[in-house]
Structure formats: C-alpha cells, structure tokens
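Consider the two complexes below, in which subunit A is the common component and subunit B and subunit C are the respective partners.
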Partner chain A sequence: MSESNFTTKFLKIFGIDNRGHNRRDPLNVWVPLVSIVLALIVSMIVIAASGRNPFRAYALLFGDSGLIPGGAAWRREFAELLIKSAMYIATGLSVALAFKGGLFNIGAEGQFWVGAIVATFFGYWAPVAHTFGAMYAALGSFGWIAQLLHGAICIIMGMLAGGAWAAVAGFLYVKRGVNIVIGTIMLNWIAWFLITSWLVTFNGPMTPASQTFTFGSFYVADTAKLLRIMMPTRLNTSILLVLLAAYATWFLLYKTTIGYEIRAIGYTANIGMETPRAQGINISRRIMQLMTISGALAGLGGCFFILGMQYQFPGTAIMGYGWTGIGVALIGQSEPLGVVLAGLFIGALRTGATSMQVANIPKTFSNIIEGLAVGFIALQVAVRYYLVKIIQHRRARRAPPAGQEAAV
Partner chain B sequence: MNITQINLTIAQMLDYTTPILFAALCGVLSESSGVVNIGLDGIMRFGAFFGLLGAFFSHSPWIGLLLGIAIGCLVGALHAFITIKWNGDQTVSGTAINVIATGLMTYLLEYVFSTTGYSPQLQNYFGAQAYRVHLPFLVKVPLLGAFSDLSVMIWFGFICTVLMHVLLYHTVLGLRIRTCGENPKAATTLGINVFRIRWFAVIAGAALAGIGGAALSISSFSGFSDSMPNGVGFIGLAAMIFGKWTPFGALGAALLFGTGQIVQSLIAVTGIAPKLAPGLTLILPYVLTLAVLAGFVSRSIAPAADGMPYYKEQR
Partner chain C sequence: MKALEVRSISKMFPGNLANDNISFSVEKGEIFAIVGENGAGKSTLMNIIYGIYTPSGGDLLVNEKEVKIRSVEDAIKLRMGMVHQEFMLIPRFTVTQNIVIGDEPHKGIFFDYGRAVREVRELSERVSLVVDATAVAGDLPVGVQQRIEILKVLRRGAEILIFDEPTAVLTPEETVDLFVTMRKLQAEGKTILFISHKLKEVMEIADRIAVLRRGKLQGIVNKKDTNEEELARMMVGRNVVLEIPKVDVEVGAVAFACHDLHVRNKRGYETVKGMSFDVRGGEIVGIAGVQGNGQDELVNAMIGFSHPVSGSMELNGKNMRLVTTAQLRKEGMSYITEDRARRGLVMPYTVRENAVMGQHLGRPFSKGIRMDYDKLAEFAEGKVREYDIRPGDVYDTAGSLSGGNQQKLILARELSLPHNFLIASQPTRGLDVGATEFVYHKLLEEKKAGKAILLISLELSEILGLSDRILVMFEGHIVGETTPDKTTEEALGLLMLGVGIDKKVQS
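After this line comes the complex of A and B, so read on.
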C-alpha cells in the first residue's frame, strides 16, 4: 500500500525503529499512557454495546482495585493488588530484559511454571522441610531465621530452574539457530504437559497418594511460606523482593558491562549485530546469560505464586502470568521502572475485575483491556504518528502565521 | 482390537488432526508471504465461538462455518492492519490478538448464553450423523474403513491442503506470495505490490484459522468450551515448522501430532505401555518440533523474510 510510504518517511524523520528503542524519546512515556486510555475507551464501548453501564462497571473495577484508599475492604484489596502485581512485575521484568537484548522471550509462562514446581518441591521435600522444621523448633523466638532460610532455598532453586529452562531456548538459539519465539513456545507446552499431565496429576509423583481426584500437589511446609508483612491481610514479602529484583535489573542494564553489551546486542538485533561483534562482544555468551537471567526472573514469579499465594501447585493450574508479563513489559516500554508501574496497573485491573461480576461482567474482562492496550502498543508507529501530528498542529497554532515568519 | 475399534481410533485421530491442519495451513500461507502470525491461536478461539454462534441460532453448521470464516477474515485484517500498514511488531500484534480473544470470548459466552465454561450443546453439527460423509463401499476395506464415515470438515481439510499446494507452487499468485516471503525487495523490483500480496495472504490465512476454530466447536465437538482452542493454534504453528512451511508437510505433521493426541487412548486400548505417564506422550509434538528445528532430525528453514516488516524505501 502506498500509505506505508509515509510510515517509512516518518520512521526516518524521527529516527525511531519499530520497537521504540530510542530511550530518550519523550513519546516513550506517552505511547503506553495513550494506549491504556484508548484500550479503556474501546473496552467501554464493548460494555456499552452489550447493553451494560460502562461507568458502573469502571466504578466497580477501579473502586475495588486497591488503588483508591478508603473503604472497609481497602486494606485487603491493597494487599491483593500488591501480591498479584509482584508476580506480574516478575514476569514483566523477565520479558523486558529479554526485549532489551533484542529477544522475544514468549516463554516466561513456561519458566514461571518450572520455577513454581521446583519451589513447591523444595517446599515440601522431606529432607529439606524436616531440617528447617527442626531448626524452627530449636530456634524458638528466632524461628523466623529458619523461615527466611527455607524460603530463600526454595526461591533460589525456583529461579535456577526457571533460568535453566530459558537457557535451553537460549542454547538452541545460539548453537542451533532455533528462533527464540518458537523455541520458548515449544518449551512452554513441554513444561505445561510435564507438570499438569505427569507431575501434578492423579497418582502423579508430586501428589498425595490418597487422592481420588486431582487437588494439586503436596502442600509446602510452613517454614517455606513467605513471611507476612501486613497482618491481617495476606500481603507478604514478595512485593519487596520483586522491587529489589527490579532495581537489580535496572542496575544490570545501565550500570554494568554485561548490561551495556546486552543493550548493544539489542539495538542492532535487527541489522545483524555487526557493531557489537566488531567491538569484541561475545554475542553467544551474552545471549545465553541474558536468557538465563530472564528465565530466573520469571521463575521468581512462579516462586511467589507458590510460596506466597497457593502453598501448593494447584490441580487446576491458572494459566497466564507469563503471557500477562509480555503485556506488562510492552506497556512498561521494557524499562524496569515502567514495568513496575505497568505491573501495578495490571495487578489493579485483576484485583478489581472480580468485583465487576456484580455488574454481570466476567472477571476475565481485564484481559480485554490488557489485550487492547498491547494491541495499541503494537500499533505504536500509528500512535506516535498521530501524537506528533497533534503536537505539530498545536505548535503551528501557537506560532505566528506563516506569512510573517517568511518575512522575517 | 477389532476392525471397528481401529476404524474408530483412526477417525478420532483425524478429528484431532483437522483443527491442527487448518491452523498449520494458516501459518503456511501467512508466513510464506513473510508475516508471522502467532495470533492464530486467538483467531481460532474467535472462529470456534462465532462458528458455534452461527450454528446455534441458524440450526445449520454451514452458517456457523461461514461466520467462522468471516470472523477469521476480520481478525486477520486487524493483524494485517497493524503489521503491514503500520509496520507493527508481528509477534506483539499476535500476542495482543491472543489476549483479546481470551477475554472477549469469555465475555461473549457469558453475554450471549448466560453461562460460564461451556456453551449449550448443538444438535446440528458437522459431527452429527446427518452431516457426515458416508462412503459405504469403504466400510469393509482395512484401514480405509475409517474414511467411510467422517465429518465433512475432515475432507474439507484435505481439499484445502491440495488447493493450498496448487496455489503456492503452481500459480503466479503463489510464486508472488513466496517471493514476498523470501525477498520482498526483489518482488518490488518485479512490480509486485508486496503490501497487497501480504494483506491477501494474512487475511486468507486467518480465514483458514477461523475454519480451524469452527472445526473444533462445530465438528470435533458439539459446542464451545471456554478452554478452547487449548493450544491447538500453537500445535498448528509447530506442525507448520515440522512440515517445513509446505502444505503437504503441514498435513503430515498434523497427522503425526493428531496421533500424539490419541496415543493415550491407544495405549489404554492396546495395553502396550500402561505405565507411561500421559505427560510424556503429550509433549511429543513439541519435542519433535524442537528437534527438527535444531537440525537433530532434519533441517527446517523459514522463509528468508519471515517476520520482517517491509519498508519500501529502505535500502
């Protein structure tokens, strides 16, 4: 189509590549905001078109999202918001970090499950659980040390497992040229079927033998559960850990050599990576490291899911934390701070969505908002184009008429 | 295990194969032109729901099929609009379609039928006796007996495979589609409008994915369930790669993966390996796909310009 000519010209003029890697561009902040607003408007139209009141729906959605203080249930909602957000931020960071290196880690979902299942295993596995149980009893009022240590072991193992799972995709990409998107999608389903059809299934290796029906895996020991930090809600340390992870990701990306090299690879990923190669960067090695760290972050999310929320691998596993992580990373424009904010937003949507059932709207409605927001991010060249047009139009109106300018 | 049982098992395998085949054909057409469509799982979900919707209210699965095709085209056009007109990231756009499909179909299921989880069951669907293709002369023939009583969608799948092969390898349009996928600049110098060809390939491919979704809800099953398509779109993507981006390759891979889906019931019937955990057979398609991609079994190479947005004036 001839219209794409102006797209090309536009891209040239503003020096933007199609993923918006230009970090100093102020439009980077506007694009996700405009995308969210557009997504909210379109979702509103969907609700209105189905004969329901969009304003009532949104009042319920945001009223119970935990974002607005006040009200009897606010503390509980706020805690739920932070618990959910912690997982979305973890998977979001995983995807965002891979984006920075020019890789689309669509496998955060699988890495999340692998992290979760391994955390579950180290949570209930008798040798570990008994050791820390005895330690907890022996330490008396210092029992929290046993809790910290057991939790730390579960989380480290879960992160290592998630990292290893992603490293498989990285290895196949680096050594055998398997596209990372395809490789991670396949690994997602391998993890999914291994867990739901073998490990956690009726009479599976990780389920109690007495079950007549699948209710999920064994429960983790009490010492493995994350400490609660705001009684009586179930808010736990996951939000603090994930903020630490976000800071570590930022530090890695912008304050270390490896981060610089990862970004150099990411900038040139579409054009052959000749510059970083000429600089002497070991691309294969960096990509392997990048995928491992990315997978470890997704695995961290899985650990939160088990140790902070479910305490077992559930029989009817809830899918989608990794997929949502992609949306979080895109809305957050792959910047750690942006990912934290986007994760909080998505967590708020998910928390409030349950209340929309009062207005006859299923709680999966938040998926529509989120999907639309991602859709508008995919359309970001168009969004940027019209934003620039609006800015130019406003400048032109403020500036003196063209005739006077020409005379000067 | 008598002949009826064997026939039933083969027929069941073909029932599983058909949606995978349509998804794979969608991928083949779209990626031959250079546009990755990982949103085909979401398009199948659209097709499955709207196929059921048409069949439910018109009492005819044909209307359902048409509606499935129509919605497939519509979502395909959205994908084309984002990725071809505005050069959006193809994987991001596909992800968006998948996420929207998850939320929107659940919403519509609740809105139209006031139920959650499952739609009402259909009386008139392609799997019903009245809509099956009966070939009585095949009943007594060993192995081919399974083909004597199949849903019309299964035959439709086979026909589409042949048509796609003819289109891609024996027509001018097919040559142009493949040129756009291999080297869009060369195509432009030959006077081919890359954008128009890609629009066509994406929309036609998405229509096939829509049919694939409808094949789930109004042929393999007699209703829509909220978990549909349950990753069938991604198996289709795997089948496309396993079949080396060719229609007949996709058919072969879809048959193999369809067999993988029923291996469990085969094992139960024949008692070959009762101890094998189901998870270990279900991962087979994916492990095979990775092995093929990594070149451990045989090499599978994507079209050269697959996934690359095309900028007309860029050198």
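After this line comes the complex of A and C, so read on.
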C-alpha cells in the first residue's frame, strides 16, 4: 500500500481508504479512458463523413457542456450538468451495485419511475403537504427545517418503493428461479404503464380533474422541493445526495461483511455460487438485500427527477434514465468512483449536445458517442489486449528482459 | 523418423519464465510422456506445440521440417490433435454430431446426418474404439466422452495426438481402457504425447519420459532404465517418501453418524440408497468407490447442499437432516473439496479474502457489519507462512496460484475454522507429489488432534494408506467394511466394481 501519501491522507479525511481493495491494475482506469477517447474519435469520423466540421461540433459540445469554466452561461450549464449527472449517477450506482453481486439488474428504469411516482405522491398528498406547510409557516426563518424533513420523507419513500419494486424481481429469482434480466425488464414495463397509462393519464387518480387536456400529476408542495444551493441556477442538493449515495455504496462494498459476501457471490455467479454457499453464506438473503438496495438507488434518481427538476410527474416524461444507468455502470467499471465520473461525463454530453444543433447536428448525437463508448467497453478484452501489447512493446524497447536474452 | 522436434523452446510470461530452453524430439509411433509437478510448465509447452501460445524463442519441427504454428488451425493442418482434460463436447448433441462438428458432411447446404453416422461408425470400427454413434453425449460416462474426443481428433486426420492429463477425470478401469486405446493407436503408427503427473501411469504406458521442473527440462529417461522413485526425485528435486506413516490415536466419541440415509441427485434419482455409518474422533474413515456411485450426492447431503429424502444424519448428537450449510458449519463441520475452482475458492478473490471466508462474520474479522481488512491480511499472512503457500503474497488472487497452493489455502482455511468433523473429498485430486504429501501430513495431524475425518477418494493407495476403517461404496450402498491391514488393492477393486457383493469382506 505505497500509494502517494497525499492522496491517501486526503481521501482518509472523507473516510475512504484502500484496505478493502485488491491491488490495483492500472488498466482498470485506462480501459474506460481509452474507450471514451476511441468513441470520440470514431464520432468525429461520423460527423466528418456527414459533411460537417467535427472540430466545430466538439467545440460547441464541450464548450457548452459545463465542464469548462468561463463564459456568460457557464454557471447555468454547470448547474444543468450536475442536475443531469445526479440522476445518471444514481441509476448507474444501482446497476453497478447489482453487477458486483453478479446480477444484471436492468430494471433501474422501472425502479427509477416507481421512486419518482411515490416521491410525487408524498410531495403533494394533503396530509403530508399540509403538515409541513403549516410547520414551514410556524417556523419562520427556520422554515428550511420543514423543507428538509418533507424532502427527506419523499426521498425515503421513493427509495423504499424503488427498492421494493426491485425486491419483487429478486424474490422471483430466489424463490422461483425467474431470470433476473427477464424479471426486471418485465417489471420496467409494468411500472411504466401503470404510471403513464393509469396514474397520471388524463383524469387519472393522480392527475388534477381538469377542464383542459392537461395530464401529468399534481404538483408537489413547495416544502417537498429540493433546496437550491447555487442561486440563480436551479442547482439543488441532488448532486450532494448522490455523492453521499456513492460513498455509501463504496462503503457497503468494501467496508462491510455484506459487501464482502456480495462480491464473493458476484465473482462466482456464473459457476453456480457454490464456494460462498459451501462457506455457509446465505445467498438468497444477500441477493434480496442487494436487489433492494440497488432498487433504492435507482428510486433515488427518480426522486431527483421529481423533487429537483419537474415538481410533478410530467405527462411528457420519456424513458431512458435507467437505460443510461447501464451505460454509466459499464463505463464506470462498476466501481462507485468510476460511476460518479462516468455519470458526470454522460451528464456533460447531454448538457452540451443541444448546442451542437448550431453546427447542424441533432442533439441526439451525444447518444452515438455514449453508445460507442459502451461498445468499446464491451470490447474491453480487445482494448486490454492492445494496451498490454503497447506497454510490453515500450518496456521491451527500454530494456530487453533477461529471459529473452537467455532464450536467443 | 522424428515426428516432432522441439528446439530450445522458451516462453516468457510477465514475471515468469514458464518454459526455459526446452529441447527434445519424439519418434514416430512413440508414446512420449511429459511429467512434472503442477506449474512445472507442461501445459504451457503443449499449448505452444498446439498453437495456442506463441513461444518467446525456439523452433518447432514436424516430420523433420521446420514449421511455424501460429494457431490451432495451423496445428490441425500439420495433423496434430489435442485431447483436452476438460472435454469440449456439447452435451445435448449425439456422439456423431459431436464428432463431425466443424467439418460436417453435407448434401448441398444440408447437413447429411446419415452419412455422418456411417462415417463415425466406420472410423470407430477401424480404430476399434467402441461408441454408440447415435447416443446423446451428455448421457454417456466420462470414459466414453473421452473416446468421442479422441475420435474427433482422429477424424481430422491427426497423426500426433496430445493427451493433456487424460486420466485426471477417469475411474481406474476407464484408465485401463484408455491405455488399451493408446496402445492401439500406437500400433497404427500414431505418435502420442502424454502429459501427466501420475508416475504409476507414466511407468505403465510411456516409452520415454521427459521430466520438467520449474520450466526446465530435467532429463529424458527410458522407461526401462528408471523407476517411480527416480522420477519423483527428478520432479521435485529431492527424495519423496510416498510411504504414509502410521499414526495410532485413541478413538473418541462419535462425531458424525447417519442411519439409512437416502439422497436424490439433481435429476431426482435416488443415488444414495440407505447408507449407515459413523465417524469417531481420532479416526479416518475412508470411503472407496468408483466415481459416480453416489459419493457426490452423499457429500452434498453432508454439507447441506441437498436434503436427504429419508434417514437420519447427526453431527455431535444433533439432528442435521434438514439444516443449512451455515448450521452444519456452526456445529463443527469442515469441508475440503476436490473442485477447487467451483466449490473451494473464489478465484478472483485474493488469498486474504479466501482465507477467512466462513469465519468472516464476527470477531476478529468484523465488528457488526464492518469488515476489518487489515485483520484479514494479518491472519492470511500467518497462514501463508504456516502452510507455505507460494508465492506468499496475500494480495495475489487465488486463481493465480498453482493447484497445490490453492489446496493448501483451502486446507489453511478449513482447518482454522472451529471444527471437529472434517470431510475430505478427493483432497489430493490433481495435486503433485509434494502437495499430496502435504495434504496427507495435515490429515494425519488432524487425526492426532482427535478430529473425526471422512475421506472420500478414488485413489486406493490413499484410502489404504490413511484410513483406519474402509467403507466400500457401490451403487449407493455400502457393500463392505474392512481395515487396511485386512485387505488389498485388488480385493477392494473387486468390491468397488460390485464383484461378489453377497460375500461380505471378512472382518
């Protein structure tokens, strides 16, 4: 453990150390980075092939992504970047955690929306909303306490709901052997259509009785909204909460007995998990816990969507946050820190993408970059192979190893 | 004529010289054995010859012509064929389908199954390797599955056959069959490279024997001029006493007992049909039997992986018939498995993480839900020294260790768990001489410490050398009970095969 003293000490302040980690393979960092660079290069070729200037496109994309400080609009862009990233990081953590346990939870999408709708409900539901409204009024300048409490209740409920939704798939897997991929993907659509075709549809149970054709749910009370932390932008506490969640995920994986068992299960998932089972580890219980926590993380993203951005369940919501989370988890190599960085990267792409329209490039173009990055990650065996070759080649040029000399 | 010649082959892996300047030549029609401990470089060498690895230096000659083998396709074109230790069969395909796959006879774009079956029958007759061409591969015994592999290789026109530890998965009589096959192939003029670390088998089948140790060729000897002891010395670089010393310990109380135990396998067939026995403290009870006579199911029931359909099972006097593995562990059951990769270790986990699995809950390794990884490393470092696990870095993954060191790690873990009953299921399978000796030594130490030990093994010498009492298992029953001084390998072998079951062994 001879990592640089400064880094070690710095991270220790935040309670992070590397004791639970295995010795690091630097390729774990290089593979995703190289994949992203490759994706960017290939995307440039695609832009150039369609007769547009790739350099101008990237200047616009990254210039307005919020990553590079400066410019009049930077504060707003930066805020947008963080707001978007918070949701992607949440779903990314959800998928990554399940991956670590060998479970391909592609149900983050459904868990996200279940979390969102439950957070909405506790945001506007009169008994709760009135209580905190009255509390806010009574507390005067300490009104923020009411805001914190109401927000916390919405988030806790949203997370519990997301967790419960994922636990259904976990239960079906553990008790009935239903493949986790099938279980979660089915539950995605069940959640989505329960919400959009019943709860928040025109004149649905969570929609205001309306004279016009408004659909989308009631708006949440002001006390339920996440506090803003960088006026005048709409940046809110979601980014702080999600960083806390990332820390908690890391802590769970590398500091607790649960994480130790989960990783052992994940490493042996494709060969029947017999080793952990033979050591007396209760696999069913751990899988249920893992799915619940994973779902809760996705649900947290849904809470951010409602309480930090929309303030209602909008009729115009489109799916995608959970799906993106899969990409984030893959690019982040299923490590909490990697997921945070990958989430920020995807958030930046999505923030800057709109500006590329100036160069006549559709804003969905960022999806191509994401897709390619994930594609190259999927090809990581190949990426790894060539990276190793390059490293060996460079080493060989510097000093030929003793063994080769002996062999000649 | 030289069928194959290897000249100064070397293979470097990062930080490891797996093959160091190896040269030898194999005559056409010869059975040439390559022996060495696990990790001596046998498999690396074969993978180089078969085009899976490219050598860092050196030349290969086939039929006295220099060749470059860059891929398995190249090797097949040069008429080489490898029979892998792990079979590469598709269980649901028939024997014929498995043999012709990759090079199927066809009628236009359609697969000509009828012709394929005829071809396979012809081939099997010609080389007198009996298989049922239309049987489903997955239903056949391991020995027959291996025959399918051999036929597959022969159908591609192989003249040089590489057998990579072919007997590791075979029962004693299947091994005999295989040797008959190998002799037949030799008589047909095929050249055979036989990789093994079982000296007895090498002495039986090979013409010449090359010994590898730590990547270096120690020497090539004619079978006529050598013996097992000499080979063992060459392999490990010192005298190995394969004699197992007798240890007399006073037998204590019954630790494990089962009565009329019936267990079903995964498919629902009853494969343990009413077994009753007990194991007492300070004694080693050996279960001898041919593989597939219910041993796996018996072990599964004893470790809580499956519940017996009926009968009783007690550990330290407590009923354990319908309990979980965790409860059995808590009551003092320890388990050494032959399947290190699947059941013994989490291969991507480090040595330190593997060393404590099963005792990671509670002090000293965790407090509440918090895991103390420093304590893990400390504990593992102690065990690495005590058990001489090499290379001794507790941050290495278990998968990077050699088979013998993996088994030492499993022993270190299982013996440090609080236990009084040890199940040792084929504890030396796939191990080299040194590691085998280590395992025997540890089992005897356990016995001295008064633990009850159940030893399940296919190696009769192991059963005879270690056990105080021997139970012979055949088709899910105990067909005989004896002691080592009252029986012989031959007598046990007959019993294992179900010969003369009515007449119980005199005891």
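Just so we're on the same page, the second predicted complex is superposed on the first by the 375 of 408 C-alpha atoms of A that agree within 3 Å, B and C clash if a C-alpha of one lies under 4 Å from a C-alpha of the other, contacts with A are read in each partner's own complex, and residues count from 1 in each chain.
Basically, a residue touches a chain if its C-beta (ideal position, glycine included) is under 8 Å from a C-beta of that chain, and two chains touch if they have at least 3 such contacts.
Keep in mind that what you see is a predicted model, and the values were worked out from it rather than measured.
Engineer: With both structures placed on chain A, which of the two partners, subunit B or subunit C, ends up touching more residues of subunit A?
Structural biologist: Larger number of subunit A residues touched: B.
Engineer: I'd like to know which partner A:Ala278 touches here: subunit B for first, subunit C for second, both or neither.
Structural biologist: In the superposition, A:Ala278 contacts subunit C only.
Engineer: Just to be sure I read the superposition right, which of the two partners does A:Ala59 touch: subunit B = first, subunit C = second, or both, or neither?
Structural biologist: neither
Engineer: In the superposed arrangement, which partner chain does A:Ile361 touch: subunit B (first), subunit C (second), both, or neither?
Structural biologist: First partner only.
Engineer: Determine, under the contact definition given at the top, whether A:Ile185 touches first (subunit B), second (subunit C), both, or neither.
Structural biologist: First partner only, subunit B.
Engineer: Quick check on the output: what are the common subunit A residues between the subunit B footprint and the subunit C footprint?
Structural biologist: 19
Engineer: Okay, in this complex, where on subunit A does subunit C touch?
Structural biologist: Of all residues in subunit A, those touching subunit C are 19-20, 22-23, 254-261, 263-264, 267-268, 271-272, 274-282, 392, 401, 403-404, 406-408.
Engineer: Can you list the residues on subunit C that touch subunit A in the complex?
Structural biologist: Contacts found on subunit C: 8, 10, 12, 14, 17, 20-21, 56-58, 303, 305, 324-326, 328-330, 335, 337, 339, 341-350, 353, 357-358, 360-361, 366, 369-371, 373-374, 395, 397.
Engineer: Taking the complex as given, what residues does subunit A use to touch subunit B?
Structural biologist: Those residues of subunit A that touch subunit B are 1, 3-5, 7-9, 11-12, 18-19, 46, 50, 104, 106, 172, 176-179, 181-183, 185-190, 192-199, 201, 204, 320, 323-324, 326-327, 330, 360-362, 364-372, 374-375, 377-382.
Engineer: Applying the document's contact rule, which stretches of subunit B touch subunit A when the two form their complex?
Structural biologist: Result: residues 36, 38, 78, 82-89, 91-93, 95-104, 106-107, 110-111, 116, 193, 195-196, 199, 231, 234-235, 237-238, 241, 277-280, 282-283, 286-287, 289-290, 293-295, 302, 309-314 of subunit B touch subunit A.
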